[in-house]
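Below are two complexes that have chain A in common, paired first with chain B and then with chain C.
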Partner chain A sequence: MEKRDFLKSNIQTPESRRAKLDQRVRRAFWLFSGIPLILALLILVALWLKSQPILLTHPITKLLFGSAWKPQRGEFGFLPFISGTIWVTLVALVIAVPICVLTAIYLSEYASGRLQRLVKPLLDLLAAIPSVVYGVWGVLAIVPWVQNSIAPLLSQWSYIFPILTKTNPTGYSVLAGGIVLAVMVAPFIVAIAYEVLQTVPFGLRQASLALGATRWQTVKYAVLPKAATGIFASIILGCSRALGETMAVLMVVGNVPQIPRSIFDAAYPLPALIANNYGEMMSIPLYDAALMSASLILLIMVLGLNIFSMLALRHVLRERV
Partner chain B sequence: MSEISPHIETQNLCAYYGSTQALEDVSIIIPRNQITMIIGPSGCGKTTLLKCLNRFIELEENARVEGKVLIDGENIYSPYVEVTEVRKKSGLLAQRPYPLPMSIFDNVAYGMRIHRLRPRHEIEQAVRHYLQVAGLWEEVKDRLHAPASQLSIGQQQRLCLARGLAVQPEIILGDEPTSALDPISARHIEKRLVELKERYTIVLVSHILRQARRLADYVIFMYMGKVIEAGIAQQVLSAPQHEKTQAYISGEF
Partner chain C sequence: MKWKWQYLEEKFIQFLMLISFGLILASLLAILFTILSKGLPSLTWAMVSQTPKGGFYLGKEGGILNAIIGSLYLALGGTLIALLFAFPLALLLNVYLSKTVWADWVRFSLDILWGIPSIVYGAFGFTIMIFLGWRASLLGGILTLALLEFPIMTRAMDEVIRRVPPDLSRAAYALGSTDLETAFFVVTRQILPGVATAVLLAFGRGIGDAASVLFTAGYTDRIPDSLFSPAASLPLAVFFQLGTPFPEVQQRAYSAALILTVIVLGVSLLSRWLSHFLDRYSIQ
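Right, the complex of A and B next:
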């Protein structure tokens, strides 16, 4: 059928053939660009269906806010894992964001063109290192460092800041996970924040400099306000990557299903839970469904963060115009 | 005619971008309280010369300057001079206006605030004053705290003028400041500049000969990085001495 159509169009005028081809290409592109969206929806639906057994037998509040994780007894509280994910991500962002934003500002506003051309590819290279390599590095370098140096140093302040209390004799902790994650998301945040800063027109900087402003005043009052929404977007992107990062984190956070109270506590983020247990212990009833709903929760967290930030950006942009 | 009193003077000024020479041995004077226009075909170094006058040339990668630029007899390239002070002495009108990402009011107040030129309670009055001088006050007085990006491009250029005047410069530099504007807005800017020459030395780059005839008191004609002819506008534009100037003015290139 399709073939005959094509043959028929061959004897038509070149103009209408061009128009037809144009139409077909447009449809093909429309289809292809729809695939990711459909895929995401399918995954969401599949996860939802697969978690039905547990969603139907356990109240949702118990699942989300229950802190007991005893699969053998049929108790599935995800709070330790959800809070583990949030803790590790927050620690990573607290470490990465200031450093990354300042790096991007330095590269874009202060560094010479030569330095920019040298450093940018190096940062991109950092993004290409496999996750498991970061994990090994975390185990060999970061975990002992946290255990031997950072924890003794910072826990002195625990009487003021309870989150610095040292409760864990090892270095496998939220902090170790956060440090490794911070290094992993840094190239993304820096690269995007840098691109955003580069889109600010050069004439705007000149306008400020021409008034006798210093470089820092120019950055602070002219460049950053213009780039703020884009930099915010780069942080959100880093955040979504951090939420989902699995391998490197599970190698260094300790994987203890508890709600962390201190950055030196071990944690058990959602991705680690899924990766560690899927395919094992499947004889326990509902375990399979529990892991599926863990995936569902993780997916919803990431999607929710992205949708929220999209709406927030739109709101800010509308006020600016 | 009264004797020319120089406000800006360049001595053997050379500028390079990498290995290409953009200015060759430029020695000119720019008279006080007059409109000086730098004219010439594109690529002749007009804008580069202008950029040398507020050290904007240093923002270009690989740019290098030799020679001297004296403003009131002081070399602005001397290591003892602070670049922010040099730039504060001259207001800049770029080819297209770039309002800062803040309100109309804050745009004008910006320079006064970063240089702490006035006590806080005087800023409001000063903003009003400079907006009036730039001929924008009547159009914006009811929306001073609206974002400056809401203004039309012609209004934005006048806002940039007000913003530049607010740091109390002695010089106004303009790099084809009307080229992106519609004819009416362009006239508006031109009118302001003619009014302002009483108090400021004005240096404009232009490739529009008619504009030079309308505005210029003093003309500098450049070609291939060199100054070919400089002098009183009427003389240069109606009776050029040099053959290249003659060719340019008769429209040959």
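Right, the complex of A and C next:
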């Protein structure tokens, strides 16, 4: 109360005007700082409302686990698209995770300071390349490579691993999408895993080295156990980026609405479904609601992974920030 | 004999690490090489100085000036609007709310927004535009891109502001300045290089994003003359031309991809140089 009276009584002096402006902006900022939260909720609610028509008329289990996709006959089963998304993402992770984690360990534990400073801009560069350009690269380089080299090579083992059966004469496949995605998420995973490794106290390494451990033993027994949560979170974060990636995957994955059985099958991930069909979504009843619920499913998958990894990372990186 | 096994393991794992590191570098080089070698042969002056003429999508005359201009309009507009919100939010977040629970929530929701895929932003923007009765237009694209860039920019600025030495604001407070004056006259000057980097980072993301403008900005062969006319964009020019069955048109898609890559990498280099240049004006 006292402070406010003081402000009122001195309304003419420049000091109080400055203080008052500060107070006003401070109060207004409370509202302003709510924008991100409101925006996030607004996106969720808008997609939820727009997908209501289809959620009300079709049982949710049939939508999520039905595999018939015939919009003209009113059948909307998202299983081919959800499984396509998961397949492509898993293939990308299988390729990217070992490479990225090893690279992050190399940069953090082995590389010289000069190399570390040199690599950061290169990773930024890799992360800055637009996804359409990745898509063009995929079409020009990866798809023919999968078709001509990898598929004939790996399908020799298809009698042991049915997942390697060559079913598709072209290279437009889950594997091509996975390779392109792996390159796209690599800079994210490497950058975050590297930061997590840097938070491990140097005393731990010194203690381990002083006991006569080799460098790799130090990493294996002292550094990695401490950094495991954070590295895991970085992988999940990369995974959620891969789930939502649209254009690059759309261009190389073949876009056939089927449940893939082999890594050489074509697939049709959720983002590709949304991007490819927005043109005709007004002409077929319930089609727009179906595409909006596809966005909603995608958003929920991504949000779940993101929130999980952010909570884990927040805990790990807190000491540093 | 145990030391020998350890030695082998060490060498083996180092070998694997070098291979992994090499693979990542090699993929970067492979992308740049592919785009350069395929894009350069068909890159002509007409490509960047003309709009599409009749029969362009069958391989006839014309260029992609419409997409270049459209992309610049979209990304500039989106970056400007995002900056209007991102800068005060990041700055005042650290001055007024520095270590409160609410600030944690704001950062948390910014991270959530940062992780939302651009196709979902596109779908959301499209929904809002239908609700308002708008057609696909430059303005719709700009607003959607602003949504996409806003969290990227804010988080990047926030990281920079957090690293400002506390002594700086303490000195300002000691001279009698209010929180607001400290933020806008003292902290702002200190974080200028970081702000420039954040803005250019968001610009680069915005100009390269296709999924969000696909629904909202549309595509046209003309250079947009008002905020309410549709606008073409470079990523979509690449995408649509690659989708045609004609080799001449696909060739143009490659050179459009090259132009886009050059713009994005140029922006990335510019941000590096600019932050280095502006660093002179901040206290180390």
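Rule of thumb we're sticking to: the second predicted complex is superposed on the first by the 271 of 321 C-alpha atoms of A that agree within 3 Å, B and C clash if a C-alpha of one lies under 4 Å from a C-alpha of the other, contacts with A are read in each partner's own complex, and residues count from 1 in each chain.
By our rule, contacts are C-beta pairs under 8 Å (C-beta built on N, C-alpha and C of every residue); 3 or more make two chains touch, one makes a residue touch a chain.
Remember, predicted model here, so these are calculated numbers, not experimental data.
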The answer to whether chain B or chain C touches more of chain A is C
Next item on the list: Go through the superposed model and pick first if A:86 touches only chain B, second if only chain C, both, or neither.
Entry: neither
**Request:** With the two complexes superposed on chain A, say which partner A:103 touches: chain B (first), chain C (second), both, or neither.
**Result:** second
TODO: Based on the superposed arrangement, let me know which partner A:271 touches: chain B (first), chain C (second), both, or neither?
DONE: second
Q: State whether A:217 touches chain B only (first), chain C only (second), both chains, or neither.
A: both
Between chain B and chain C, whom does A:226 touch in the aligned arrangement: first, second, both, or neither?
first
Query raised in the report: Given the touch rule stated above, what does A:40 touch, chain B (first), chain C (second), both, or neither?
Result: second
On the A-aligned overlay, A:256 touches which partner chain: chain B = first, chain C = second, or both, or neither?
neither
Chain A contact set shared between chain B and chain C covers 214, 217, 321
The answer for chain B against chain A in the complex is residues 54, 56, 59, 61, 84-88, 90-92, 94, 96, 98-102, 110-111, 114-115, 147, 149-150, 160, 163-164, 167
Per the touch rule, the chain C residues reaching chain A in their complex are 6-7, 9-10, 13-14, 16-18, 20-21, 23-25, 27-28, 30-31, 34-35, 38, 85, 88-89, 92-93, 96-97, 102-103, 105-106, 108-113, 115-124, 126-128, 147, 151, 154, 162, 178-181, 201, 204-205, 207-211, 214-215, 235, 238-239, 242, 253-254, 257, 260-261, 264-265, 267-268, 272
Residue positions on chain A within touch of chain C in the complex are 18-19, 21-22, 25-26, 29, 32-37, 39-40, 43, 46-47, 50, 98-100, 102-103, 105-107, 110, 121-122, 124-126, 128-137, 139-141, 183, 186, 190, 214-217, 237, 240-241, 243-247, 251, 271, 274-275, 278, 291-292, 295, 298-299, 302-303, 306-307, 310, 321
As the complex stands, chain A meets chain B at residues 112-113, 201, 203-204, 206-214, 217, 221-222, 225-226, 320-321
